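Heads up, there are several structures right after this.
Shared between the two complexes below is chain A, which has chain B as its partner in the first and chain C in the second.
Coming up: the complex of A and B.
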C-alpha cells in the first residue's frame, strides 16, 4: 500500500465507523440502564433506513427534504423504540435475567415481516445526499464527500452525548441508574419514565445510524442481523455503558476492516494469506483479544455489584423417577402409533433438547451465559462428519468420538471464558464461536467451506428412521440424565454456590474457576454429542450449525421453557422446534406469527412456560389447602 | 403435553384422510417444493408466481396422466438441516411423488444427497454450484438453471476479445462467488495465456465494505474487472465505484447483474456498458417467451423477473418428466428426466443424460440506461449447450456410480 492508499483506507474506515458508533452508542446506553440485551436494536437500524427512503421520496430530493427525512426517520424510530419498551419490555423487567432477550428476539421476527410486508422484497437503493453526491480529491484519489461528512458526524454525536450525560439532570439520572438503579428508584426517581426516555434516545441513535446510511447502503431485509452482531461487538470491546469506549471501538474495528481490504492478498514465506477474506471475522478476533487482555473492554469499568432486579433463582427440584419413566415410555411408544414424520421431527427435538439442556446447565445453575453455544454443537457435528468421511472411521465410532473433539475445543475456549463474567463472558463465547465458524467456512479442503460436508449417513442397521430415533433418544436421553444428575451432585452445588455467591464460595476454599472450567468442558462435550447425533440424522452439515442463528435458537429454547426450571429447556426445545415446523407450513408470514406467539408466551409466562405452569400449579395447590 | 397431543391429532388426521381420501384417478399428483423463501425473497417471490402460473396452465390443459397436479411448498429457512427435515415431511406425510426447488448452493447439495439416500427424483431449480451435477453429482439429481460455470463461460468470448491484461476480481465469499472466480480464471487463461490477475477481493456476502473494496481495486490499476456480486453488495459496489471513478476506462464483467431482480433496484445508476448475464424480458420476441410474458402479465399485473422463469420452467420440467415416464415410479421418472426435452420461455432445453444438467441458456449483453431505468442492450441468447465443458471433462469430474 502506498501512503496515499493508507490515508484513503483510513478515511474509509472512519466513515464506516460513524454509523456503527451511533448504533452501538444507543445499544450501550440501553444496556447500561436497563440491563436489557436488546436484540431488536439492529431492527431499529433497519427501520431507520427504510423510513429515510420513504420519507425522502415524500419530501423530495432537495437538501432540505433529505436532511429533514433523515432526522424525521430517526425520531420515528425513536417512537418505535418507545412502543417496544412500553408494550413489551416494561411488563417483564422483573423476569429472570436475560428473559428480555427472548422478547426482543420476538420483536426482531415481527419487524422483519412487517418490513417485508410494507416495503417489499426488492432492495431499495436510496438517493445520494443532495449537494454531497460528488467525490473530493485527496492525494490524487477520490473519496465521496458524504463520507467526509460522516467522519465529522461521529465526534459531533459523541460530544452531544457527553454533554447530555454530564451536563443535564437526565444524564445524571442515567449515569446513576447505570451504576445502581435500585438506589435511583429508592430515591424517588420514576424508573418507568427514565427507562422509556433511555429507550427513546437509544432508538433514535439506531435510527439515525440507519438513516444516515441511506446514500451508502440499499435498504434491505438482512440489515437487522448484519448490524446487530457488529453493534454488540463494538459495545463490548469499548466497555459496556461507555459511550467513549464505543466510539473508540467503532473506529478500531472500522479501520481494521478497511486495512484488511486494503492489504488484500500477501505472500509470507510462501503462504498466501488473504486479508480480504479475514473481514469475515476480524471484529470477533479483535473482541477476543481485547477481552482476554482487558476483561471489561477498553474503557469499561468492572461492573458494580448488581442488586438483582428479580428474586434470586429458586433451588432446582430433582425430577421424580416416576414421571421421568412415564415420559420415557411415552417417547418409546411414539413410533408405534404416529406416522414416520413425527419420528423424524422428534429426532430433531431430541437433539435440540440435549443442546438446550447443556446450554441451560452452563447459563442457569453455573451462571455463565453463553452466546456461542453453537460452537460445540457445530464442532461436534463437523467432527462426526469428518471422522466418518475423511478419516474413514465407522459411523458408530465417529458418533461417539465427536463429543470428545467438541470437549477438546471447550477445554481451550473455556479456559479463557471462565476468567470473565456476565455479558463479557457471554460475548467471549460468541467470539470463539464466530472464529470457529469462520475457520470452518473458509477451510474448503477440510470442511467443504460454505457447502459443508454431505454424504454422512448412518450405518445400514441404523438407516431406518425409527431405529435412528431410538438411537438419538438413547444418546441424548443419557446426556440429559447425566447433566441433570450432575446438577444434584456436589459438583453441581459448587457451581450454584459460585453463581450465587462467588466470594463466599472462594472463601471456603473452592477453586471456582477450576470447577467452572470443568463445567464448560462437560457441556461442550454433551452439546457436541447433540451435534453429532444431529449430523447423522441429516446426512449433511453446513456452517450454519455453528452460526449465531444456532446459538440464538438455543437461548430461545432455554428461555422459552424457563431458565429457572430443570425441565424447562426440554419443553422449550420441543415447543420451539414444533412451532417452527407447524407455523412455517401454514402461513407465508411465519416469522411474524412465531414472533407473536413468543411475545404472547413472554407476556403471559415471564418465568418461561414450565416456570409459569409451575407457579400456576403452586398457587392452585395453596388455594386448595 | 400440548406437543404430543397435537402431533398425534395431526398424525391421526393424516391416517384417517389417507384411508377415506379420494385415492386413485381423481387425486392430484403432488410434487414437493422447498425453497428459502424468507431468506431470498427478492428472487423467490417472483419464482413462486412463476410456479403458480405453470400449475394453472398445466391443470387447465388437463394435468398429467389424467390427474391434476399440485405443488406443496415449504420454506427451508436457508438451512440444510431444516431443508432435509421439510423434505422428509413432504415425502412421508404429504406423500409427494418427488422433490423440486432450492436456492442456495449448500441447501441444494444437501437435498441432492438426501434424494440419493431416499432414492427419489430431485429437480434442483436455482442452485448454481457446479458441484451439484459434477463433483457431487448423483443419479437422482437434475438441475434446471444455467450454472455458475456456464454463465461464466458465456462471458468469456467478450472478455477474451478485449485483450485486457490486468484483471481485478471481486466476489462474494462463498461457493457461488468462489466457483465463478475459479472458472473465470481458468477459462480466460486458456484463451489468453498472458493475462494477469492483479487483485482479488472476497467480501462476506451481504456485508461488503464497498468504499474500501473499490479503493483496493483501483489501487491495483486494473484494465478490467470481473465481479460476481449481486443484490445489496452489487448496489453498494456500483455506487462507490462510480463516485470514486473506479470504472473510468475500465471494462467490467458482472455475472447476474442483468437480472431484473438485481438490475432494477439500481434505477438510473445502472452502470452503463457493463457486460452481464441477465434477462431482458421486455425485448425477447420468441413465440414461447411472448406467450409466457402475456400470460404472466395478465395474471399478476407485473412483469416477470428471472425467478419467474425459473419457477415456471421448473414446474414444466417436473410435469413433462411425469408425462414422459407415464408413471410415478422413481426408476421410470429418473429414466424419463434423463434426456428429457421440453419447451421453456427460453426455448428448447434438454436435461443431458451425461450429467443431468439442463441446457437452458442465458442472455448476455451490456447494461444501458433509458428513462431512468437500467436495461440490457446489444444482448444475445447463448444456448447452454455451447457453454459446457467437453464430455470427457464432465465424465472425469462426475463420480461414476
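Coming up: the complex of A and C.
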C-alpha cells in the first residue's frame, strides 16, 4: 500500500466511524443511566434513515431542505424514543433486567413492520447532500466532500456531549445516575424525567447517526439488527457508559474495516487471504481481543454499584414425572389424529424447544446470558448438512456427529466467554455468533454462501413426516430430559451456586470457570443437536439459522415462557413458533403482531407466561384456603 | 511459636499511595481464638483478604501449618483447610440451607463433577449434623434467600466447618446480629474451636464479644499492629486506649 492509499483508507474509516459513534454514544448513554440494553436502538437508527429520506423529498433537495430534514428526522426519532420509554419501559423498570430486554426485542419487531408498512420492502436510495456532492482531491485521490464533513461531525458531537455532561445540571445528574442510580433517586431527583430525557438524547443521537448516512447508504429493513450489532461492539469495546470510549472504539473499528476493504486480497506464502471478506468479522475479532485483555472495555470501569439487585432467583423445582409422562403420551398421539401440516409444525416446535431449553440452562440456572445462542444451533445445522452433502456420511451419522461439531465450537467460544460476566459476556457471545455467521455467509465454496445448503434429506426409513417427527421428538426430548436432569446433579448445583455467589463458590474450593466452560460445551452440543434435527426436517439450511434474528428468537422463547421455571422455555418455544406460524399465514405484518403480543405479555406478566400463571394459581389457592 | 497453625510475617499492602497494611506479623495456635480489632479503616478486612488469597500482598509471608500460601487462589487455600465467613454474608440464595452445606461437603470430597447423580441424597446426614451444631437444623429446608441475617451467619459457619478446617477466618462474624445472638454465636464458635482444635482468627466491632470470647487480641491501627496480648493486657494498654478513646483520655 502506498502512503496515499493509507491516508485515503484512514479518511474512509473516519467517515464511517462518525455514524457508528453517534449510535453507540446514544446506546451507551441510555445503558449507563437506565441499565437497559436497548435492542431497539438500531431500529431508531433505521428510522433516522427512512425519516431523512422522506423529509428530504418533502422539504426539497436544497442545502436548507437537506439539513433541516436531517435535524428534523433526528428530533422525530428522539420523540419516538420518548414514546418507547414512556409507553413501555417506564412500566417495567422494576422488572428483572432480562424482561426489559424482551420488551426492547418486541419494539424491534414492531418498528420493523411500521417501516415495512410506511416505506415498503424495497431499498430506498437517498439523494447526495446538496452542495456537497463534489469530491475533494487529496494526494491524487478523490474523497467525497460529504465524507470530510462526517469526519468533522464526530468530534463536534463528542465535544457537545462532553459540554452537556460536564457543564450542565442535567449532565451532572446523568453522570451521577450512571455511577449510582439509587443514590440519585434517594436525593430526590425525579428519575422518570431523567430517564425520559436520557432516552430522548440517546435516540436523537441514533436518529442523527442514521439520517447522516442517507447520502451514503440506502435505507433498508435489515439495518436495525446490523446496526445494533455494530453499536454493541463499539460500546463494549469502548466501555459501557463511556462516551469517550465509544468515540475511540468507533474510530478503531471504522478504520480497521476501511483497511480491510482497502487491502483487498493479498497472497502471503502462497495463501490467498481476502481481507475484504474480513470486514464483517474484523470488529468482532477486535472486540473478542479487547474483552479478554480488558474485561470492561478500553475506557470502561467495572460495572456500577447496584444495591437493589434483582430479587434472588427462586429455588428451582423439578418437573413432575407424571405430568411429563402425560405430555409425552399426548405428543406421541398427535400424529394419529392431526394432519401432515400439524406434524411438521410440531417437528419445528420440538427442535426449538430443545434450542430454548439449552439457552435457558445457560442463562437461567447458570446465570450466563447469551445473545448469540444461534451460533450453536446454526453450526449444528451446517455441520449436519455438510457432513451429509460434502463429506458424504450417512444421514444418521451426520445427524449424530453434528452436535459434537457444535460442541467443539463451544469449547473455543466458551473458553473466552466464561472469563466475562453480565452484559459483557452477553455481547461476547453475540460477537462469536456474528463471526460464525460471517464466515458461513462468505465461504461460498464450502457453505454455499447466502444460498445455503440444499438437499439435506433424511434416509428413506425416516422420510415420512410422521416418522421424522418421532425421531425429532426422541432426539430433542432426550436432550431436554438430559439438561433438566443435569440441573439437579452436583454439576448443576455448582452452576446455580456460582450464579448466586461466585465469591462463596471460590471460598469453598470450587473452580467455577471450569464448570461454566463445561456447561457452555454441554449446551452448545445440545443446541447443535436441535439444529441438526432441524436441518434434516427442512431439507435445506441458510445462514439465517446463525443470525442475530435466530438468537433473539431463542431469547424471546425463553423470556416469554419465563426464565425462572424449567417448563417455561418449552411453553415459550411452542407458543412463539405456533403463533408466528398462525400470524404469518394471515398477514405480512406478523412481526408487529408478535411484537404487540409480547409487549402485552411483558406488561401483564413480568415473570413470563409460566411464571405469571404460577403466581396467579398460587394466589387463587391462597384465596380458597 | 512452632505449633502455630497460621503464621504471618511482615505483611504489606498499599492501594495507590495508601498503606493499608504495614509490616503486620502474628500467629494463631490450634484451638486458639485470636481477635483482630481496630477502628474502621484500620486495615482489618484487607489483612483478612490477604490471608485466604483473595488479595495478593505486596510483601510478607503467610504460612499455614508451615507452608507458604501466598499466591494461592482462595479455592486452593480452602483445600488446605481454611474456612471463611464474610463480613457481608455470601451464601447461595436460591439453594436451601441444607443444600448450601451439602455444596461445601461435596466440594470437600471432590465429588461435584457428577453430571447425572442426584444432588439431594448424598451428604444429607453430614449436612444435618453440621446444621444441628450451629442450631440451624430446623430451617434446613428454607432457601437462604429468605433467612434473617443472623441465621445466614450461622449457615456460613456450618459451611466453613464442612471441610474440617484447621483455621477459621471470620470477618465480622456477628455484624448485623442482635447483641444476645452475638455472644451466643461466638460462644458456639469458641466451643467448636476448642473441641476440634481449630485455630480461629476473627475481626469484631462488638467489644463485649471480643473481650469475653478471645483468648488473645491484636490491635491494628492505620495498617500497623500497635498492641497484642490477653484481653486484660490489651485493655490496660495505653496505646489502645488512645486509639479507641482518643488521646485526651
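We take it that the second predicted complex is superposed on the first by the 614 of 625 C-alpha atoms of A that agree within 3 Å, B and C clash if a C-alpha of one lies under 4 Å from a C-alpha of the other, contacts with A are read in each partner's own complex, and residues count from 1 in each chain.
What we mean here is this: a residue touches a chain if its C-beta (ideal position, glycine included) is under 8 Å from a C-beta of that chain, and two chains touch if they have at least 3 such contacts.
Small disclaimer: the values here were computed from a predicted structure and weren't measured.
*Asks:* With both structures lined up on chain A, is it a clash or a fit for chain B and chain C?
*Replies:* Overlaying the two structures gives chain B and chain C room side by side.
*Asks:* For A:170, decide between first (touching chain B), second (touching chain C), both and neither.
*Replies:* After superposition on chain A, A:170 lies in contact with neither partner.
*Asks:* One more residue to check, A:450. First (chain B), second (chain C), both or neither?
*Replies:* first
*Asks:* Is A:316 touching the first partner chain B, the second partner chain C, both, or neither of them?
*Replies:* In the superposition, A:316 touches chain C alone.
*Asks:* Give the label of whichever partner, chain B or chain C, reaches more residues of chain A.
*Replies:* Per-residue touch count on chain A favours B.
*Asks:* One more residue to check, A:162. First (chain B), second (chain C), both or neither?
*Replies:* neither
*Asks:* Mind computing the angle chain B to chain A to chain C from the CA centres, in steps of 10 degrees?
*Replies:* The three centres form an angle at chain A of 160 degrees.
*Asks:* I'd like to know which partner A:507 touches here: chain B for first, chain C for second, both or neither.
*Replies:* So A:507 only meets chain C here.
*Asks:* Quick one: minimum Cα-Cα distance, chain B versus chain C, in the superposed arrangement, integer Å.
*Replies:* Comparing every C-alpha of chain B with every C-alpha of chain C, the smallest gap is 29 Å.
*Asks:* Across the two complexes, what residues of chain A are contacted by chain B and by chain C?
*Replies:* After superposing on chain A, no chain A residue contacts both chain B and chain C.
*Asks:* What residues of chain A sit close enough to touch chain C in their complex?
*Replies:* Chain A residues touching chain C: 311-316, 485-486, 488-494, 496-497, 499-501, 503-511, 515.
*Asks:* Which chain B residues qualify as touching chain A in the complex?
*Replies:* 2-4, 6-8, 10-11, 14-15, 37-38, 41-42, 44-45, 74-75, 77-81, 84-86, 88-89, 92-93, 105-106, 109-110, 112-114, 117, 129, 131, 136, 173-175, 178, 199-204, 206-207, 209-213, 215-216, 218-220, 231-232, 235-236, 239-240, 243-245, 261, 264-267, 269
*Asks:* Where on chain A is chain B touching in the complex?
*Replies:* My answer: residues 1-2, 5, 8-9, 12-13, 15-16, 116, 121-125, 128, 133-135, 141-144, 147, 215-218, 220-222, 226, 257-258, 261-262, 264-265, 274, 276-277, 279-280, 330, 334, 337-342, 344-345, 348, 441, 444, 449-452, 454-455, 457, 465, 534, 538-545, 549, 574-575, 578, 581-582, 584-585, 588, 590-591.
*Asks:* Across the complex, what residues on chain C touch chain A?
*Replies:* 52, 73-76, 78-79, 84, 86, 90-96, 99, 102-104, 106-108, 111-120, 122, 143, 145, 159, 162-163
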